[in-house]
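In what comes next, chain A is part of two complexes: it sits with chain B in the first one and with chain C in the second one.
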Partner chain A sequence: MPKITYRHADGTQDSLDISPGISVMQGAISGGVKGIVAECGGAAMCATCHVYVDQKWLAALPPMNAVEHEMLETTAAERRPNSRLSCQIKVGPDLDGLVVGIPDRQL
Partner chain B sequence: MAGTVGAQRTVATSGIDPFSRSYLEDPYPFHEELRDAGPVVWLEDLGVWATGRYEQVQTILNDWQTYCSSGGVGISNFHKEKNWRPPSLLLESDPPVHTRARAILARVLSPAAIRRLREAFHAEAVKVVSALVDGGRFDAMADLAKPYPLKVFPDAVGIVDQDRETLIAYGDMVFNALGPRNDLYAAAMARADEVVAWVTARCQRGTLAPVGLGADVYKAVDAGEVTEAEAALLVRSFLTAGVDTTINAIGNAIFCFAQHPEQWRLLRDDPSRARAAFEEVMRFESPFQTFFRTTTRAVEIAGTAIGADEKILLAVGAANRDPRFWADPGRFDVSRPVIKHVGFGAGIHGCVGQMIARLEIEVILSVLAARVERIELDGTPQRLIHNTLRAFTSLPVRMVARH
Partner chain C sequence: MTGAGVVIAGAGQAGFQAALSLRDQGYDGRITLVGDEAHPPYQRPPLSKAFLGGEMAADTVLLRPPGAYAGLAIDLLLGQGIGEIGAGRVALHDGAQLAYDHLILALGARNRALAVPGAGLQGVVMLRTLDEAAALRDRLAEAAHVVVIGAGFIGLEVAAAVSSRGCPVHVIEVAPRAMARATSAPVSQYFSRRHARQGVHFLFDTGVTRLVGRAGRVVGVEIAGGATIAADLVVVGIGVTPNVALAQAHGLRLDGGIAVDSHLLTSDPAISAIGDCAAFPDRRNGGRVRLESVQNAVDQARCVAARLVGRAAPYAAVPWFWSDQGQDRLQIAGLTGSHDQVVLRGDPESGAFSAFCFRQGRFLGVESANRPGDHMTGRRLLGQALALSPDQAGDPAFDLKAYAAGHRAA
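The block that comes next holds the complex of A and B.
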């Protein structure tokens, strides 16, 4: 199973094996990773599963659609060029080793 | 029960009619039968597929490529029959049309925009609750669940009129129309011309307040993103989906807490549970019980072959109580982690207004929790019999004020 690493703002990290087909957000929620709220459950409506994607993985991700772009405009922590909503990133074999940073706040 | 449909394939079949009166009055025994019949079941009387299992509902909601919404989210197939109203750009559409519309509403309903509504929602909740708790006995539908959303939500959209009951009639029509053309549909449609004319007029730019969510939608016209006619349809989505739904969610919440006083005590002792408590209400008594998808190609679901352009009923109320997924699903428990319920749908068509709904209901529940010692039924609740919605027409209660 692809391994996904979630880096926390305090420097600690969680590495989880995630079933292919579910999202980086769902993997975090199922695995009890702190800092991903995901109140809307993956509908791209709450912007509380915001992550900073490790630069070297950016190109491997599915392109951002217009809805995700709009949501990222109002994240609680600052939006950066590598900001994504983790609910919009589906895990597959090609993302084995993906590293994402969790912002210091989501609300 | 096993049977054969079309070619030589064995499928689970059922005689359940999810639009029969007995089902609509008390769906839960039927839900169990539906889930136990199989992952996906052929409903003989209606000629459609159905699933009440969490795993299949969740999978289907998250695969719009295979299970589209442009065929309509009710039992009728727009690919084969014309709908009674112009299809929604949001609810009854697929990408890329849907993505464009959704992006505009994502901007209008952004977390920042919703945060700005909190103060007004809170002030109204305090006003409504104060007037009721002093009296003690009232109808939780007529006196609480209806007036509060009917004030705060249309105000937020920018509806100028104060007489807003027509919005309830419109929601009643649209959601009854997701079912078959039965007597419920006919009754809901009785005033259709008048109601549609009223709502259509309220969606026009000139009718909306200059500041509000409706006016924000029209900014997308100025930016060249949508036409004026499309903007009117997007405002219509607010007025369709933003009123009945929250009214019924509040009614269901009051009912749940009247039935489960120990759960009210948890909320009363810690009003910060209000948001999580609402998620459990959405799971346990989902106001929106069913919607449909249409297959875009032949597909197999858990070993059952389904043809292209066929309708599948998703019983989200049943999925929210599927014991294959939830521990002890028949227990109402506000401390349950319920982020995965499908009461708002899921995926790209997940309720676009869900963050407003959360705010509305978090606010009213926390205001009640601060003021009310306990909630008791004060007569027999009257159920709304409706093709899609699970709700009450009347819910007499007595609220005992906190000292």
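The block that comes next holds the complex of A and C.
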């Protein structure tokens, strides 16, 4: 199973094996990773599963649609060029090793 | 506080969020979350969308894995109804008693039943719970003629799932247009046209008089005027009724739901009510409203949790909703139902537009089809109580986003 690493704002991290086909957000919720809120459940409606994608993985991700782009303008923590909503990133074998940073707040 | 802690009646989105937010905000007393279904708390929105399409497994709709509750020190009592509310305690259906310092009613709503002969036939289903969604998904795989009664969000989402399988589907609606209670006419027209293009047949202004059965199974839907539409699966989505019986028996004030004040407290100061069952003061438009949405459930839960840890603030969140129907996404910011004027931005023919709704010139909210930017701008405008005129909304040269953003820091 692909391994995804969630890096927290305080420097600690969680590395989890995620079932292919679910999102980086769902992997975090199922694995009890703190700092991913995801209150809309993955519909790109709430921007509380915001992550900063490790630069070298950016190009490997599915492109951002208009809904995600708009939602990212409302994140609680600062939006950066590598900001994504983790509910919109589906885990597959090609993302084995992906590293995402979790912002210090989602609300 | 006696140390009995908080009892939350109802383990849907609102009840779950109340438990979670209490812990998040540092509440260290006992939390008991009581739900009448066998499943741990789960999300309802995907049940009529991705789950029905088979793109989502049952365990991925859970809000947390079953094992997570112990780690959060949340006592989860599943398959347990509450029989009675007493002073400082509730009685469960199995006779057990649970003491509380504060009780949160997150009892939700239940589907309105179709009150016509034949409504109890096999093959006539409703959709609210995970079990109902799983049953509907299985039946859809075998259905040849589907009839959906009710052209609300649920009905249209189901119709989209059916038509995407290439299965014929009729939608029967007693109102003159789709989503008449939730959206303005241009948005209704856009969505019904999109569905029609996918093969959905609409019958508006049409009542159902009877469901026709053979050997106990539904075979058709008889409509006013006497015609019968063949059906081997009928999905009824005609709205919900809030669950208020428990509150009523305890003598709590009702008013279109369980009446709460601006802090979401019921007429008993030891009891709050949140989510689908709670009728709360609408600070923007006046009067009292009861909303059925994830946003409302989550934000009200958070508001009550904050109060219980000593950070009380009136409930003030901006209502928002969404509905995914086929390839289209509808997003609504604000409560637009009482509008007397609609101004469009964007062209429905282009597949992306918004209907800005006003009452006596005052901005109520915006309904967006595939225009997420307008939706988010609408949420910002309402959140800041920023005025928007119909002229501004209708002027393509007026930079709405900059206007809302310019006031963000103010």
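Criterion: the second predicted complex is superposed on the first by the 107 of 107 C-alpha atoms of A that agree within 3 Å, B and C clash if a C-alpha of one lies under 4 Å from a C-alpha of the other, contacts with A are read in each partner's own complex, and residues count from 1 in each chain.
Here, a residue touches a chain if its C-beta (ideal position, glycine included) is under 8 Å from a C-beta of that chain, and two chains touch if they have at least 3 such contacts.
In this text, all values refer to a predicted model and were calculated from it rather than measured experimentally.
When the two complexes are overlaid on their common chain A, residue A:Ile4 makes contact with neither chain B nor chain C.
Looking at the shared chain after the overlay, A:Val24 reaches neither chain B nor chain C. Touch criterion not met for A:Val99: it reaches neither chain B nor chain C.
Looking at the shared chain after the overlay, A:Val67 reaches both chain B and chain C. Within the superposed three-chain model, A:Cys40 lies in touch with chain B and with chain C [touch as defined at top]. By the touch criterion stated above, A:Cys49 is placed in contact with neither chain B nor chain C.
Using the contact criterion defined above for the overlaid structures, shared-chain residue A:Gly32 touches chain C, although it does not reach chain B. When the two complexes are laid over each other on chain A, chain A has residues 29, 39-43, 45-46, 66-67, 69-71, 73-74 in contact with both chain B and chain C.
Considering their complex, residues 22, 26, 29-30, 32, 39-43, 45-46, 66-67, 69-71, 73-74 of chain A touch chain C.
Residues of chain B that touch chain A in their complex: 62, 95, 99-100, 102-104, 106-107, 109-113, 339-341, 344-352, 354-355, 358. Across the complex, chain B is touched by residues 29, 38-48, 65-67, 69-71, 73-76 of chain A. Partner chain A is touched in their complex by these residues of chain C: 17, 43, 45-46, 60-61, 63-65, 68, 71, 294-295, 298, 320, 322, 324, 329, 331, 370, 372-373, 375-376, 379-380.
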